[in-house]
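Same chain, two partners: chain A is paired with chain B first, then with chain C.
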Partner chain A sequence: MEFMQLLLSGLANGCVYGLVALGFVLIYKATEAVNFAQGDFMMLGAFVMLGLVNPQYMGMNFWLAVPIALLIMGALGYLLDLTVLRHMFGQNQTAIVILTIALGFVIRFVTGAIWGHEPVNLHSPLALGDIRAFGVVLSLADIAVIIVTVIMTMLLWQFFQRTKLGLAMQAASQNQMAAYYMGIPVKRVQGAVWALAGMVACVAGILYASKGSLDISAGFIGIKAFAAAVIGGFGSLPGALMGGLIVGVIEPFAARYLPPGYSQIAPYALLILVLIFRPHGLFAQVRTKKV
Partner chain B sequence: MSVLLEVRNLETFYGAIMAIRGVSLEVRKGQVVTVLGANGAGKTTLLKTISGIMDPEKGKIVFDGEEIQGKEPHHIVRRGIVQVPEGREVFPVLTVEENLALGAYTRSDKAEVARDRDLVFTYFPILAERRQQEAGTLSGGQQQMLAIGRGLMLRPKIMLLDEPSLGLSPLLTQEIFTILRRLNKDVGMTMMLVEQNAAVALDLADHGYVMELGRIVMSDTAEKLAASEDIQSFYLGHANEGARGERRWKKRKTWR
Partner chain C sequence: MRFHFKTDYDHDIRLFPDWWNFSLYAALLAVMVALPFVISSFYLGEVTNVLIWAIAGLGLMMLTGQTGQVSLGHSAFMAMGCYTCVILMEAGVPFVAAFVLCGIITGVIGALIAIPALKLHGVYLAIATLALAILADDIIVILSPWTGGVNGKFAPDLMIFGYEINRWVNPGAWYYMALVVVLVVTLIYRNILRSPLGRAFAAVRDSEISAQAMGVDIARTKTMAFGISCAITGLGGALMGLFAGAFNNETFNFLLAIQLLMMIVIGGLGFIHGAFLGAIVVAFLPQGLSILTDQMGRGFNIPGLEMGVFGLLLIAFIIFEPHGLYGRWLKLRIWLELFPFARRDLFRRQKSYLKTERLR
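Moving on, here comes the complex of A and B:
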């Protein structure tokens, strides 16, 4: 039973990591840039939601606020691409990495300036309490996180399979040059990918804030999520989610069965092992090009 | 026949390198025009400039009575110019059907698109068999067929074909060119064909240009080009035999 307990709480954490990792991979696949501010996007998404919902701010209905927060974060992602990142086209990778790290700082301090630096709690109907069943104590938030992540994954899957924009995103990420030849407005599609990454980060942020308290350093789980994305295979969307789940599950087990302190190292130790033995990641989509 | 595509004094740079040094040519409706030339002659750059991937420094491109030089690629595709790129460039992790659907990205008439897809399948039956297969797992020849079929899905006014014979066996090359000929005869598809394989290209084309170091050095009907001595010795690989039955020196090209 202890096993189930650790597994479920690990999975719930892993879902949040997975969603942030998904944001990394979305942007990486579409634009070949790594957005190191993705974790801070998540944190900002959570604070935007908090600003809409909590009584001391706007005090809106939670379910009404969800689409608004998603829209705000989506618009922010698109505008960030339009105003900043599109002008970096053709620049050195390092420049883009540094730029996104700097963006992370900016987001963190702007958020701090608006909502303060103290830990706060989101008034979320998902954080209702615990249920006990079969000797396992589960917080409702954990279950909600898992369910929402499953739904989110299925929606994204449908979006990529069924819609024209989703197909165009896949095309632009697999072969950018050919996407241009097909008449796909690649830059606009990349903007749409940033918007999508912003929305996914917002969902992750809402889930994160529903599970516990929130402060401006919450974005640092982006580092863990980045490790998760690499473990899953950078460039594979299902890989990112799986990587997130693996990292999430490893942590509580390491905390329980290994000496103190090792649980913080465990995800990165796994990262190193994966890089040594399967450098493309566990679920990589690698195809060699035929001539 | 009216002129569909006209290129006038085009100049394009790759950084500091002048890849196209004042090219002028024209393609008439229903014609197949080929541009021959060795590696680095600027043929691919010419096609990329026409389809908007690269911007020209000087010159004009007039398509269907409209100047299109320097426009964004998706504007140019919408006007009916499609490029079938060198090296296929299919979307490797998408299925054959999805690749074809992307060819029709700029179109919204679903019924017509479906009919065009069936048309592509009649030209390339192998694609119909493999419609659910990922394009990256197709053979080189099948990928080339997919690239051409994907181009047809736009229902273009002109197809720009960049080395469709690249990396294919002589037999497959023949097959591809037979289909291109049928397309030209059946639906009157206008084509601009860039090739290194001068024999098959001149066989298909109505008119030919020869490019060298960014310039057009010869322009004539395909038959006359195929018969010319320069083309025979430098592009078709016919050895000229001297009086003693052996080649003793390299011939100079007449345009130098």
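Moving on, here comes the complex of A and C:
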């Protein structure tokens, strides 16, 4: 029973990592850039939701606030692309890595200035109840996280494989100039994917905040999401979810069965092992470039 | 504008292209030597801090600026340098020997760590090194018997040939020590750049595939770059820990590594001057901001302001001036030298398009 409990709570945590990792992978698939600020996007999304829902701010109905928060974060993502990232169009990855790290700092600063640095709780109907079955206790939030994550991953995966916009995004990342020649508005497509990543981050943020308290350092789970994305292989959406689940499940088991001090190391140690032995993740998409 | 008439191949790689250039740097050195007699001990401490940051920055510059490998994990090597140095000193090794040894040990370990990391490119390397920086924190705690864990360690007294160097008693001596280390490291750095190894670094940075085609051993070059970079950063970390007086597992957290990377980007990637200019920004930004907020009154005292401003600065630099402060200065100098013939598009960035590394 303890095993099941650890497994299920690990899966629920892993789904949040997976959702943030989905954001990384989305942007990587469409723009070939890695958004180091995705964790901070998630944190910002959660705070936007908190600003809409919590009584001391707007006091809106939770379900009404969800689409509004999604819209705000989508618009923010698009605006960010328009104002900042479009200047970096065609530049190498390294510069964008550093740029997004800086963006993360700015987002953390702005959020801290608006909503303060104290941990707060989101008034979420998901945070209330819990379900007991077969000797396992699961909160509503945990169940919601798992369901939403699986649905989102499926939808996004199909979106990339089937829809015109999804294919345009893949084309834009594979060869920007060729995509231009094929009549794809590459810059607008990239704006769209940043908006999409903003929304995914918002969903992740809402679910994260429903599971527990929230403060501005919440964005640092982005680092664990990195581990997830790398373990699954950057560029693979189901891989990101799998990676998230692996990291999420390893954590509680490491905390339970390893001596204290070693447990925090487990996800990163796994990350480094994966990078050494399968550098492009378990669901690799990379081969050596040919001249 | 000065023209160099080169009559010898050695002229291409001379340390100083001409006497004017040499005298400029000599004058700078003279000013630096005279500094303790001019400014108060508080500002002397700040300048020492700048020099220490510059050493650590030079280390990262070797890897990121010269070889093109982004590392977000250099705080781990700073920690390694610092702990190695202090542990050696506590074991009875004299300071000078311990200091040199800690650089060498950090360099060797860095090179060893680089071997599995060689397969990684760009973003993957950045993530692997970031994981390393986070692991360093936990590893220091696990190794508590040697490192003191969460309680940390205090820097022992520094003795150089029987002469005590104490930050509080004689800040001038500390300053001169940092200055000597900076000088030596800069000279070594400059000499590596003009050696075949330095050329190989640049080749790997500009295009790995063409470097390989030209016969550069990529694995060896990257390992060397990692080793040298970690050695220099280790020295910087040792100085930083000793200067702070006390340090624990959180002193060298991964934010320090990110700050180091931001510093060299703001200063100018690929330039020795960039490491120093960036160090000046990093060391004086908090002071400048606190003076500014004091002037504005209590209401403007926002926690986290420093990192926010730092992030904004960095974004502005990457978008508008990717070559950093030193790149801006170079452009200004060329503009002045060409005056009035400089054209607006002289420095326009070439339009470029990305292609994926993934083939499916």
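In this section, the second predicted complex is superposed on the first by the 276 of 291 C-alpha atoms of A that agree within 3 Å, B and C clash if a C-alpha of one lies under 4 Å from a C-alpha of the other, contacts with A are read in each partner's own complex, and residues count from 1 in each chain.
Here is the rule we use: a residue touches a chain if its C-beta (ideal position, glycine included) is under 8 Å from a C-beta of that chain, and two chains touch if they have at least 3 such contacts.
Nothing here was measured: the structure is a model prediction, and the numbers come from that model.
Applying the stated contact rule after C-alpha superposition, one finds that A:130 touches neither chain B nor chain C.
Judged by the number of chain A residues each one touches, C leads among chain B and chain C. Contacts of A:103 after superposition: chain C is touched, whereas chain B is not reached.
By the touch criterion stated above, A:276 is placed in contact with chain C alone, chain B being left untouched.
Legend: residue contacts after superposition of the two complexes on their common chain; A:167 is shown touching chain B, with no touch to chain C.
By the document's definition of touching, of the two partners only chain B reaches A:184; chain C does not.
Once the two complexes are overlaid on the shared chain, A:84 sits against chain C while remaining clear of chain B. By the touch criterion defined above, A:175 reaches both chain B and chain C. Residues 174-175, 177, 180, 285, 287, 289, 291 of chain A lie in contact with chain B in one complex and with chain C in the other.
Interface of chain B with chain A (complex): residues 51, 53, 72-74, 76-78, 82-83, 85, 87-94, 98, 101-103, 105-106, 136, 138-140, 143, 150, 154, 166-167. Contact residues of chain A toward chain B in the complex are 164, 167-168, 170-171, 174-175, 177-185, 285, 287, 289-291. Against chain A, in their complex, chain C makes its touches with residues 68, 70, 72, 116-117, 119-120, 122-124, 126-128, 130-132, 134-135, 138-139, 141-142, 209, 213, 258, 261-262, 265, 302-305, 307-308, 310-312, 314-315, 318-319, 322, 351-360. Contact residues of chain A toward chain C in the complex are 32, 34, 84, 87-88, 90-95, 97-99, 101-106, 108-110, 112-113, 117, 173-177, 180, 216, 223, 226-227, 230, 234-235, 261-262, 264-265, 268-269, 271-272, 275-276, 279-280, 285-287, 289, 291.
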